[in-house]
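Both complexes shown next keep chain A, but they swap its partner, so chain B is in the first and chain C is in the second.
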Partner chain A sequence: MKITIERGLLLKVLTHIQGVVERRNTIPILSNVKFDAPDGQLSLNATDMDIDIVETIPADVASSGSATAPAHTLYDIVRKLPEGAQVELDCTGDDSQLTLSAGRSKFKLTCLPTEDFPVLSGGDLPNNFTLSAADLRGLIDRTRFAISTEETRYYLNGIYLHAAEKDGVEVLRAVATDGHRLASVEIPLPQGAAGMPGVIVPRKAISEIRKLIDETEDEIAVSLSDTKIKFAFEGTVLTSKLIDGTFPDYDRVIPEGNDKVLEVDTDLFAHAVDRVSAISTEKSRAVKLTIAKGNLTLSANSPENDTATEEVPVDYDEAEIEIGFNSRYLLDIAQQIEGDRARFTLADAASPTLVQDLDDQGAIYVLMPMRV
Partner chain B sequence: MTIRLLPSTTVNRIAAGEVVERPASAIKELVENSIDAGAKRIDVIIRDGGRTFISVTDDGCGMSPEELTLAVERHATSKLPDDDLENIHTLGFRGEALPSIGSVSRMSITSRVHDADSAWLVAIEGGEKSEPSPAALSQGTTIEVRDLFYATPARLKFLKTPKTENSHALDAIKRLAMAHPDIAFTVGDGSRTMLKLPQAQGDMLSARLDRLDAIMGNEFAANALAIDAEREGLHLSGHIGLPTLSRGNAALQFLFVNGRPVKDKLLFGAARGAYRDFLAHDRHPLLALFLDIPTESLDVNVHPAKTEVRFQDAGLVRGLIVSALRHALAEAGHRASTTVSNQALGALRPETAVPQSYQGNYGSNQNRPVMPSAGLQETAREFHAPLSNLDTALSVNALAEDQIQEVSDDWPLGVARAQLHETYIVAQTDNGIVIVDQHAAHERLVYEEMKKALAEDGIKRQGLLIPEVIEMDEGAADRIVARSDELAELGLVIEAFGPGAIVVRETPAMLGEIDIHGLINDLADDLAENEEALSLKERLADVSATMACHGSVRAGRRLNGDEMNALLRQMEVTPHSGQCNHGRPTYVELKLADIEKLFGRR
Partner chain C sequence: MPSSISSLCRECGAHFDAAPKDERCSVCASPRIISHDELDSLSIAHIDCDAFFASVEKRDNPELQNKPVIVGGGKRGVVAACCYIARTKGVHSAMPMYRALKACPDAVVVRPSRNKYSEVGRQIKDFMRDTTPLVESLSIDEAFLDLSGTEKLHGGSPAATLVKLIKRIEDEIGVTASVGLSYNKFLAKTASDLDKPRGFAIIGKAEALDFLGPRPVGSIWGVGNSLRGKLERDGLRTISQLREMPEDELIKRYGVIGKRLSRLSHGIDSRIVEPGSKAKSISTETTFSDDIRDLETLLHRLWPLCEKVAKQLRNKNLAARTLTLKLKTSGFRSLTRSRTLAQPTQLAEVMYQEAKVLLEPEVNGTPYRLIGIGTSQFADPEFADQADLLDNSAATFAKVEGAMESVREKFGGPAIQKGRTLLKD
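Here is the complex of A and B:
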């Protein structure tokens, strides 16, 4: 194999790919990226056995072939090469070493046998549909903050993606929860997604695919079975195993009978929460909301009896209520709301509160209060 | 096969299997008899780990020839005068020991009643007893046991090496000796003395402390806190070690119930609970506790070996122990054990060419350092290490003239004179110097502060969106549900959910996202074993301790005189400031006399 490729292009692909490669591996080949160069293009492949990513780019192929080389080292080298450099990758003759040369720099990297590289793809993916990149970003961005990090409840360590029905309209819905709060975002069901199984996409796959689609405006082709999901666009294919578990029946925790409605300016609210919570030094960072007609008072105190209060004008017409929240959870949710106004629907100090973006009916957030 | 009654020798051998498990248990039975006989002096000889020869001699009340013949019969005893098993005041009462031992060995008993004119001897061999014959003995009773277990070869096969059996025997004698400081004990093998405990003088408490000191190592007395508590007819006394005097195992934790040494996990659990704030998980305090309890609320007839007892109200006993221990520890304030300064001095001796690191080594006994876990040591070192970018040669932060205060004897920790290596504060007291580890000390202060705040404000609870249902066996679930009020105060709100399941609705907010299943299962185990929600308290304390660690002055931070003095004054008024959260000392005090010794002035 002998190819020449522009440094910027190679760096972009390596940046994408190396996120999948773990820093430390018990299986050496998993530290490597696999190059495949048939005519006129180069595809790079990396995997951690759960996620597999393949990216194909045009390249000047002098002789076709394949090789593997350590992903992080390679990334580090290419990153440090001067901009605009032409990078030559060569392993003709001796396939135990890959020679990388650019200008006057030359690196020899040890290869591991290409045939050892695990093949993750394969298997039938019967459900296929396409999504716009913006829609996928929206689904991920507004739910990922609520993904659980607690590993004993592994079935919460991802985003639950499934087809559902709301008010007679079919939707594709993404849900994440860590048991304290829940985020649910939906978009109209794309063609072909009807009948798809409900799947839990693991956190790492979510964060990798999110990085990949950051700049693209393409349509993303999604294929899935009940064990795997594949995202494909612009020569990039990411395949991930799914979390094998049952997502809890989240519908039941979305409150329906809450009758106290409060509307508030999102920015004002978020900043006030942020300021007030500066006073609480403890781990739980509790903030108390005292809601009266037309006025919301946020307050917090520290173990040393320092206190903070801030008042925010709100639209509220019900009986006065006091409720406590973890300020970090409030901020997380406030950050998801892009519209000017947020609506809180409350019941009492012990029941879940519903938060919505007035401009975006597709997203709902549920937050459990903190008891002080 | 037809059913028949077993001959009495076989019956006795079967009984011996329970009572006489190994030479140590035979010795224990014999020494207990001597104690019950009112002896003031007991001499024990053990050869070959007790396998070939055991002899116990006392100066007790003795037995008449008629009693002697009866004594070796099963269920014959002088100790149950009213046949009242509810009210047992003696160590023995079952009347099984002598026939059991006699049935598996060659035993001879020589005894003389206090004012009788001659002594008598009875011999038993494998259960066959001889007629009493006259013998020579000045007073009391001597029992000799030869070839123990010769009649039960199976048991003989399972004995450990003579050395091991010997140490078991010594342990058994020591336990009894601790409870009876008014009796002199000697243990030997005929030529060499292994243990010699003179009759301790003085009132009960000081006599007992002398005895404990002789048995638990001579650091114990200097670092012991006296316990004296009473509740609902129960009286708990004894001594406990300061947290800085700790061991890697619980071998030096003793509980005596009405003078009887018992092994009860209740004690271990209670000790763990009381010392929870002061010791790392793998360190154990030294304890010797004596519980006097009305005989009717106690059942000692649980096992023939009588190492276990049952309390009518175990919760009350546990509560009494924990509160008495906590109270004593709180009163100890900032006291750290003298072993700390002794070890420091040891490390300073000129002949120790390289002063060995005594990090984490405090309180270990004699020459056997018991090191804490590697992880703990590492974190400890990390925090105690001076910052690498400091020029250590220049890091003495001596105080300017105007910052130096006068030494006053109102301040036990003295007045700060300098800071060394930006880590240690050196203070002068009116009769010595004190070296304070600034990080460890401040960490403890912050931790105590947090605990106070937590106790005042209560623990905040985060509601669970999806209540967690946990299935467990019914008994465990019931135990947890029964404590739901107490758990709610600790931030964990649970409810029963049918038989054998509970539902968790709220968890302590400071724990963040936690493994609820794991926590509840640990709690169920705790409640079964220790009757206290230890694992939840420990987790809360862990979070506080981590925050305290991050919120405190690190090693490597330069402090000025006012800051140092403020730290010392705070330590004096803060409870438990003598040790950090892992039981290491926060300061070392060297008396002037100690320093003079270092220079050969004394």
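Here is the complex of A and C:
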């Protein structure tokens, strides 16, 4: 294999790909990226056995072939090459070493046999539909903050993507929760998604696909089975295993009987929470909300008895209530709300509170209170 | 000048400006006269009880008084403490029980009762704190004391005050202790070991270097077996050899510890006596009488440890954010696995579930001889075990554990157990 490629293009792909490659690997081949160069194009492939990314870019192929080389080292080298450099990758003749040359720099990297590189993609993916990149970004961005990192409840370590029905309309819904807060966002069900199984897309796959689609406006082709999901667009294909578990019946934690409604200016609220929580210690971070007619008082204190309070005007016309929340969680949710006004629907100090964006009926957030 | 030497009676605390003529105390006639140039100026002490667990057992059972006593337990257990009679036969603490019994077959083996020892330890610490607020507890039965500036308060030199203190411990609590007195912690701790039991040893500034010189490097606090081996391979066997090495060289060879080695070899230790450092972790462990390889049996042994740690957390009004599982293989290799919990906990059940996740990957046929569990990163229990959207079990576990606790308080430890305590045959 002998190819020449512009440094900027190669760097962009390596940036995408190296995120998948674990820094420490017990299986050496997993530290490597695989190059495949048929005529006129180069595809790069990396995997951690759970996620597999293939990106194909145009390249000047002098002789076709394939090779593998250490992904992080390669990324480091290409990153440090001068802008605009032409990079030549060559392993013709000796396939145990890959020679990378650019200008006056020359590197020789140890290759591992390409046939050792694991193949993760493949298998039948019967459900197919397309999503706009903007829709997929929206589903991810408004739910990923609530993904759990708790290993004991591994089935919460991802976003639950499934077809559902709301008020007679079919929707594609993304739900994430860590038990303290829950985010549920939906869009109209894309054609072809009807009958898809509910799947839990792991956190790492979410974070990688989100990076990949950051700049594109393409349609994303989604294919899935009950064990794998594949996202494809613009020469990039990300395939991920799904979390093998049952997502809990989240419907029952979305409160329905809450009767105390509060509406507040999103910005005012988020900034007030941020300021007040500056006082509470890293470890507890509880903020108390005292809600009275027309007025919300946020307060926090530290174990050293430092205190903070701030008042925010609100629309509220019910009996006075006091409720505590983790300030981080409250902020996270406030930051998801892009509209001017947020609506809180409460029951009492011990029951989950529902939070909605008045401009966005497709998203709901549920927050568990804290004892304060 | 011999006239500057002060003397003190180890038994009654009488103070003499010069050594008594017949080498006996003129007040109580004891021959145990301590004389030292710097007797009146040294104020950092290390007090260490003599064969603590064994002494407590002998105190509580006078029949054991003249018998060799070993505290420890089980076929696979180790010697937790042994009295001085047993020590003459070659028994020492941390020795495997079977070897101890081979060396001293007529020894009386007493199962340790930790609660009793901690109670006695607490009384001793209270006496120490009556003497000076600067008491730094090292373990259940030893502590550093800084007696600087207490002369007026106690009407005598720190040495005299110490004699009174250990006499009080002996008279009122019934266990003996040894004192090391010097000008820093390292030398005080070294001294307390010189004259055991019922010792009182002094290392003054004048003789510190000569005293340290010929001692093995292993006697330096913090030099364990592996570092000692490394030093010895490099030809550094004694503290004087260490002293000849430039500090830079020691740091280069052994890292940060090199600085400490150099300073301690010159008798320099600037650490102060720090009282009241709160517990940073609460842990417990158990050694099996036979190696265990299977998950079910390991879990069976894990559960009571979780209950024990949870109880201690409750008693101390703490909740823990970090959980550590400890295992020791039959080949004595230790491994620890830690995780930070989603929220602080005080519940045995939560610890058990989390520890189980840590344990599972380690169960691969390896025979284990010990399992332990530890908690750290303490938080206010107010914020522990909060309700969860999906899972309200924390509240249930809290109720269950609270109820079990009250039943046990009324009817004793084994009165109520979880089903998992019982193991299928």
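List of remarks:
As a working rule, the second predicted complex is superposed on the first by the 371 of 372 C-alpha atoms of A that agree within 3 Å, B and C clash if a C-alpha of one lies under 4 Å from a C-alpha of the other, contacts with A are read in each partner's own complex, and residues count from 1 in each chain.
In this section, a residue touches a chain if its C-beta (ideal position, glycine included) is under 8 Å from a C-beta of that chain, and two chains touch if they have at least 3 such contacts.
None of these values were measured; they are calculated from a predicted model.
The superposed arrangement places chain B and chain C in clashing positions on chain A.
By the touch criterion stated above, A:Ile229 is placed in contact with neither chain B nor chain C.
In the superposition on chain A, A:Val253 makes contact with both chain B and chain C. Among the candidate segments 6-14, 24-32 or 114-122, the part of chain C whose C-alpha atoms clash with chain B in the superposed model is 114-122. Shared contact residues of chain A with chain B and chain C: 148-152, 177-182, 248, 250, 253, 283-284, 286, 303, 350, 352, 366, 368, 370-371. Contacts from chain B toward chain A in the complex involve residues 449-450, 453-454, 457-458, 460-466, 468, 493, 506, 509-510, 512-515, 517-518, 543, 547, 551.
Interface residues of chain C, counted against chain A in their complex, comprise 321, 339, 342, 353-354, 357, 379-380, 382-383, 386-391. On the side of chain A, the complex with chain C involves touching residues 148-153, 156, 177-182, 248, 250, 253, 283-284, 286, 303, 350, 352, 366, 368, 370-371.
Residue ranges of chain A in contact with chain B, taken from their complex: 148-152, 177-182, 248, 250, 253, 281-284, 286, 303-304, 324, 326, 350, 352, 366, 368-372.
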